[in-house]
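Every chain is named by a letter (A, B and C) in the order it is written, and numbering of its residues begins at 1.
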Amino acid sequence: MRLSLLLSGLAALVVVLFGLSLLVGPAGFGIGQSLSALLGGEGEAVTLVMREIRLPRSILAVMVGVSLGLSGAALQGFLRNPLAEPGLIGVSSSAALGAVLALQTGFAASFALALPVSALVGASVSVMLLLVLAGPRGGSLTLILAGIAISALAGAFLSLVLNLSPNPFAVSEIVFWMLGSLSDRSFDHVTIALPVMLLGWVLLASLGRGLDALTLGQDAAESMGINLSQLRLRLVAGVAASVGAATAVAGAIGFVGLVVPHILRPFVGARPGALLPASALGGAAMVLAADIAVRLVLPDRDLKLGVLMAIVGAPLFLHLIYKTRRQMI
Amino acid sequence: MSALTVTDLTVHRGECPVVDRVSLSLTPGEVVGLIGPNGAGKTTLLRAILGLQSHIGQSDLAQMPRRERAKTVAWMPQTREIAWPVAVETLVLLGRVPHLAGGARPKPEDHAATAQALDNMGLTGFETRPATELSGGEQARVLIARVLAQDTPLILADEPIAGLDPAHQITTMQVFARLAAQGKTVLAALHDLGLAARHCTRLLLLDKGRLVADGAPKDVLTPEHLHSVFGIAAHLVETDHGLIFQPLELTR
Amino acid sequence: MASVRPSSRVIRLGAAAAFVAAAAPSWADMPERVVSINLCTDQLAMMLAAPGQLISVSDIATDPLISPMHMVAAAYPANFGGAEEIYLLRPDLVLAGVYSDPAVVSMLRRLGVEVAQIDIVSGLDQVTDRLVEVGALLHREDEAAARAEAFETDLAALTRPETGPRAAFYYPNGYSLGTGTLSHEILTTAGFRHIADELGRDSSGRLALELLAVAAPDVVISTGTYPGNSRSEDILHHPALEALIAAGQGHISGPDWVCGTPQVLTALSDLTTLRDSMEAE
């Protein structure tokens, strides 16, 4: 399939889901009422709901989805392993730890972007650790084991920090941090996340050619003029920035970076560079769809996004492990 | 005019020199075979020449800026990695990466170079097949085609024809000869001494990291060298069909 | 001066007290070592106990956001509600809530400690019931009766007809109260209308911010925030909620709203002041 056709199709899907996301919510407005309030209304409850509750939520879903899809595709391309993704390898949990530390110590209030930057630092520590452990070619076994270790460590510290908080609500919020949720988000969250995410997206988008060349292995890629250490640096920074910012505002959402590249890989002819923009759009679509679903399935409760992602993603993960089991060891 | 100059190239692994003060110079139009027993240091030497391996000494390729080097030499590593099930054509097109700036799309001349390379390796018709579904020999030919598509004056290859059937081994060496006739240079590490003798204009014999002999095949494949480096005796004779080399027996 | 006949309500309460006193296990003396492990029983105990009778209150009794008598509680040693800890205090009586940890309660009883479980207050008419109940357990019936009477009088003075502004409760995690709660009664007694009635919500739970926005109350009653940070409290700073409060009024429900103690009168008078100022505009 031609790449431009695929990307247009995915973009159209994102637009449709975005529109649907604006129209779903506990306050059952009609379509006409919702849209006219969003675009023109002034000072009424409908306008308030549309502009301050539903619009930022939908925008954030797109931003988070792009970040996770793009990061998953980039990690898989660099490590040349279809099992790599930010949630599974512990990047999201480390980002969450960074964010929680910043919030609980009050650092998050010190300057506008302190929160996403702290999450970025947390994420980058785990990506670097992972690259050291998993070696030049991320062998599956090492990758998953390293991911388990990093996730467990980050999760444990996360729980510890929350338990030590003077705030009695904090201790029960580990569920939010580990499963993720977009409910009750506002434009405040959009504005703090966007700058850091954009930086991440730019860095990751620049990896396309290098990832294509890596198809032939590190030596061949280097001989074709790709600067591998610079590529690695841009990967680490890009994943840390985009996953960090996403996790800082929405918690750790797993499996998007695994499922989306896997589904789209056949449509881009398995070329890692082409998979980057496709996964960005696919990720946005997936998170939007999941966020719509959690609002339809349990409208009164705050069903965490991570629940739906795991229901879809974990079976796929098992399937992938089964398929690649001979190359695992 | 030199296609490649290397002076006193040395690579240490711990205490041992894996490559020991190797100097050589290649001119355009040569097909050079790098031969030697297992562990002689052929792969390490080639990677050091390219600047992929840290070394002491001089290699004019290693000193080039990255992008210029990529347009000067194409490298086919011994580990034939194909990470993703991309189409054969896409894989060969990767050889054009050094010629594509930033985010540029491949141009007609890139596709033409790809088609030419596929044709040279007898792969016309394989364009849309996933490269990972081909046999080992076919994959090797695809990877050679990538090197050809890169269209560089110099080609370095590590065991390019290992595992290919005889027809394709000969075809590949003939392609190298054709490229040399056009003024390019090929330096290939080879295990098969017979093929090396028949198709190379010059041989470099490496033993325990040292360049022991450098010259025409019949000057390098002398009984003394064969005994001291390989531990074999062989039958080497010039015939109407060219040089024929056949290992016979062990001498130690 | 002619003697004032006690109100019929107080007579009924007196009878109830006598019944409770008769039904309770007879102690030779009043309990000398009383421990309270529940926030609401803490308040009642601190209010009614004789000097030196109350030897420990729960650790949350000093929390200024939820304990009406947090300043007084600082004088008492704190307990964390563990059975071993309580037992080692050698109490004659433990005051607990009906939702206190059942494992702790049953363990204490097995160890021979007297545990009285006091129900929560879900209506203003139950405030005096609890006062009398705890008063009887502590053998401080006179003190209880006096406080109960004072409460009844002041309550009547602060009661208003329910024709005032519309109000809603919105707490961390979007938690909103239903019509079957004490806070609802406090609100309506002060004359406000509660949107939980309009929405048909009799029990408390999460209310989506969207639904609150559509209901557009005149007053949003919320709470102070704790030190440290939690995502649960983030919603209290949501732009949509802030817009609603800006369009109407915000009000903080302090610790006086918690537990059915006579302190609710403070809450009531705050609301009355608020209503008066709103109606003056």
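By definition in this document, a residue touches a chain if its C-beta (ideal position, glycine included) is under 8 Å from a C-beta of that chain, and two chains touch if they have at least 3 such contacts.
Owing to the predicted nature of the structure, the values given are computational and were not obtained by experimental measurement.
Contacts between chains trace an open chain of neighbours here, each touching only the next in line. The most distant chain from subunit C is B, comparing centres defined as mean Cα coordinates.
Put simply, the C-alpha centre of subunit A and that of subunit B have 43 angstrom between them.
Centroids of subunit B and subunit C (each the mean of its C-alpha atoms) stand 86 Å apart. Within the complex, the subunit B residues that touch subunit A are 47, 50, 52, 66-67, 69-71, 73-77, 79, 81-87, 90-91, 94-95, 97-98, 100, 102-103, 130, 143, 146, 150.
Per the touch definition, subunit A reaches subunit C in the complex via residues 25-27, 45-46, 48-49, 52-54, 103-104, 106, 108, 165-170, 172-173, 176, 184, 186-188, 299-302.
Residues 172-174, 205-206, 208-211, 213-216, 226-235, 237-240, 243-244 of subunit C touch subunit A in their complex. Interface of subunit A with subunit B (complex): residues 80, 208-209, 212-217, 219-220, 222-227, 265, 269-272.
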